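One structure, pasted below without further comment.
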Amino acid sequence: MKTSTGARLGLRTIALGYLVLLIAVPIVLILVRTFGEGIGAFLESIRTPAAISALNLSLLIVAIVVPLNVLFGVATALALVRGRFRGRGVIQAVVDLPFAVSPIVVGVSLILLWGADGWFGGLERLGFKVIFGLPGMVIATLFVTLPFVVREVEPVLHEIGTEQEQAASTLGASTWQTFWRITLPAIRWGLTYGVVLTIARALGEFGAVIMVSSGFPGVSQTLTLLVHSRYIDDHNTYGAYAAATLLMGLAVVTLLGMTALDRKRRTT
Amino acid sequence: MITVVDARKNYGDFAALDNVTLDIPAGSLTALLGPSGSGKSTLLRSIAGLEQLDGGRIVIGGRDVTGVAPQKRGIGFVFQHYAAFKHMTVRDNVAFGLTIRKRPKAEIARKVDDLLEIVGLDGFQHRYPAQLSGGQRQRMALARALAVDPEVLLLDEPFGALDAKVRADLRQWLRRLHDEVHVTTVLVTHDQEEALDVADRIAVLNKGRIEQVGDPVTLYDRPANDFVMSFLGSVARLGGQLVRPHDIALDRSRERAEALDARVGGSPGVVEAVVERVVRLGFEVRIDLRTDSGVRFAAQVTRAEADALGLADGETVYARATTGPDAAELHPALAI
Amino acid sequence: MTTTTASVRRDDTSTTEVASLPPRPDPSRRRPQLGRPLGVGLVGLWLSVLVLLPLAALTVTSLGDGVGGFWDAVTAPVALASLRVTVLVAALVAVVNAVMGTLIAWVLVRDEFPGKRIVNALIDLPFALPTIVASIVLLSLYGPNSPIHVHLNATQPGLWVALAFVTLPFVVRSVQPVLIEADREVEEAAASLGASNWTTFRRVVLPTLAPALISGTGLAFARAIGEYGSVVLIGGNIPRKTQVASQYIQQQIEIDRPLNAAAVSVALLAIAFVTLFVLRVFAGRSQRREEDAQ
């Protein structure tokens, strides 16, 4: 379709104008407001005990969630691609479920299952506190990040097929050796991409986590909860901006990583 | 020496292997030949342990390996699409089996270098499979399979994914390699030319059964049945019998043709046909013929014979089979 | 006679040869087949505990007072109003996304201008950015301290902006690859037949984009109805005006009305499932049509 220069410029202006107003200007503005008072103020704001504890908690949750997701994500993808069993369709649907569930609904469901009055409330009376404790935040994060590793690894497994694995077995490699030496290296970029997506979502999850966290500053606040409480409870707008900028920095790093990985994934 | 006894394998209602019994002598290069779906690949994969039989036994070198995992069968397997380990260099691919067996580093290095030289890939040690051509990848796969000193080498349509020229070269090369290494080799192929060219024994499979086993000459000259005959080389149907096109003689005189035909016992008799087209294919000449009843067939004669006959389109000739009584015995005339 | 046939071989060797075969190995040495079912079982258990059981608890709780109780909870005026606001705002945002997303994808594929790659990278930012950060970011421009004096705080337009922000990538990223792959000769053919640009777009380009466009729009809608983080600060949470369903659910949990929260949650889930189900059916149909055409 040959568009006239006028029409093309018009379309370009509308598209860019929309993006600028919706994304670029707000982000630039928050950076200006964060760093407008000097880098020192920013550093001070993200170095308060509550902020450091929030960063630590966020990283701790990531550190627990990522290995579990890798383990079960790869196992699920293997079962879905290589397995021939009844109920594959059900597993496929369940894996996609978290994409369709609102974070708040995730939180409510978890409260109703693991909370003191929930189905597994007995655990809490035994002294194992899930809701309003770290386990609850971990489970909520696991729920929302569940699909990433599975959905990134699955197509790669499809593509590599089983011939390399069979070749390894005819060369004497045990199932375990074949997995470590052949399957895992073959899916490594897909897996890494899934992990990066998991990290990004785990760091950024808000709705599901706020429902199951007690939200005490310095104790059970993640970075996203910190942003929220600084803005709402403390009326510390600058502190909220600073924490948001920190999170945004992490997001941009993730985004760059994703772009680099995506290129790598396509070429190898 | 590989022995397969009463091997059975079903995929649902489909019998991929229907009571197959087969001996593969030690040191031979045996081709499993058949159309797709004949069960040849299933048989090979069952020998390798990549498929589990529903019934029957497989014995390799005097050891019953029927329930043994592929890892412990002492085999080398080469796949049609190479199954190259993409994330490893050529060197690491070939060394894989030895690394798994935890051989000393020096031994591995020596052996890998030797093998790469044999398959003509020295200098390619540090390349990745993606940087090799199809033929090179397949030679790497062969070296990889040979590295573990397998008792038997199993090749599943190894040249199927390559273009014609490379395929012919690799065939010759495999033949020479086998003459050097002498490992019992089984090759699956659907290409009769490849089987005749490379193998010293051929087993023809069809619909999960073995039709005939023998050396290439026997199979070509004395096929056990019509299927084997038509699968190994081209055939013409002459008076209800299958005859090789180069075993058909043409005469302009009916009397002469009948007199000569009388000397060949059990022949299909003399058939009158009209020349449709004369095609000169270098040394050979193919003559496309049609009988009164509309049956088309082709005769293959030498250039000298064709020149002597001096045939032109639309002329009438008399065709007869020139093969001896053996062929007649093997082909009881089939009335159409 | 040197010829051997299979039938002959089978008859005369199978009896003699089998006798000389080595003993059959102990069947217990066969390859263990246990690993796979065990792995599948473990995966099933993991998914059940993590995903299915919580949702089962949710559904059971929502029906704690029977179907009547569920109905009353969902149709309570404030609850119903929150659902209505959610669906209407999400639908509006989905439509805006369909138009603007296609336009942006078009500009990114067919136009050339300096900095295009940066703009292209910018599209993914809303996916990478935590939703609460999106909220803060938008508030800085459209909130109480707005430098341009646009105050969308606690208004429905505030919800629109927040949801448009977080759902931006869906349509762009589903339409973009289709546009790249699109056969431009078809457009040229239409033009050579005398079609104007607008006609060509409407009659030739749009039908090709339709499956991707509808899927992207549907995903954006599904995401928008469940969104919480991006609207929590800018939305204002005013019942019957700007309170969305997820905020209502959160509020009901805070005032300890789990049944109300669960019932509206189930309603919200149902809307999302129906959307995704319709999309899947639609995708299946258009894929079949494509296959038929080949």
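Per-chain residue numbering starts at 1, and chain names A, B and C are given in the order in which the chains are listed.
Basically, a contact is a pair of C-beta atoms (placed from the backbone, for glycine too) under 8 Å apart; a residue touches a chain by one contact, two chains touch by 3 or more.
Labels paired with UniProt names: A = Sulfate ABC transporter permease subunit CysW; B = Sulfate ABC transporter ATP-binding protein; C = Sulfate transport system permease protein CysT.
The structure presented is a predicted model; accordingly, all values stated were derived computationally and were not measured.
**Q** Could you see whether A-B or A-C has the larger number of C-beta contact pairs?
**A** Answer by contact count: A-C.
**Q** Based on Cα centres, what is the most central chain?
**A** If one averages C-alpha positions chain by chain, the most central is C.
**Q** Please identify which chain has its centre, taken as the mean of its CA atoms, farthest from the centre of chain A.
**A** Chain B.
**Q** Using the average of all C-alpha atoms in each chain as its centre, how far is it in Å between chain B and chain C?
**A** About 52 Å separates the centre of chain B from that of chain C.
**Q** Could you give the separation in Å between the centres of chain A and chain B, each centre being the mean of its C-alpha atoms?
**A** The computed centroid separation for chain A versus chain B comes out at 55 Å.
**Q** Report the inter-chain centroid distance for chain A and chain C in whole angstrom, where each centroid is the mean of the CA atoms.
**A** For chain A versus chain C, the centre distance works out to 16 Å.
**Q** Provide the list of chain B residues touching at least two other chains, using ranges where the numbers run on.
**A** As it turns out, chain B has residues touching two or more other chains at 69.
**Q** Can you tell me which positions in chain B touch chain A when the two form their complex?
**A** Listed in rising order, the residues are 48-50, 69-73, 75-77, 79, 81, 83-88, 96-97, 100-101, 141, 144-145, 147-148, 154.
**Q** Which bits of chain C are touching chain A when the two form their complex?
**A** Against chain A, chain C makes touches at 35-37, 39-40, 42-44, 46-47, 50-55, 57-58, 61, 100, 103-104, 106-108, 110-111, 113, 119, 121-126, 128-133, 136-142, 145, 147, 161, 164-165, 168, 184, 187, 191, 197, 200-201, 205, 222, 225-229, 232-233, 245-247, 249-250, 253, 258, 261-262, 265, 268-269, 272-273, 276.
**Q** Taking the complex as given, what residues does chain A use to touch chain C?
**A** Within the complex, chain A contacts chain C at residues 1-3, 7-8, 11-12, 14-16, 18-19, 22-27, 29-30, 33, 72, 75-76, 78-79, 83, 85, 87, 91, 94-95, 97-114, 117-119, 139, 142-143, 146, 175, 200, 203-207, 210-211, 223-224, 227-228, 231-232, 237, 240-241, 244, 247-248, 251-252, 254-255, 258-259.
**Q** Quick one: which bits of chain A touch chain B in the complex? Just the residue numbers, please.
**A** Chain A reaches chain B through residues 160, 163-164, 166-174, 177, 181-182, 185-186, 188, 268.
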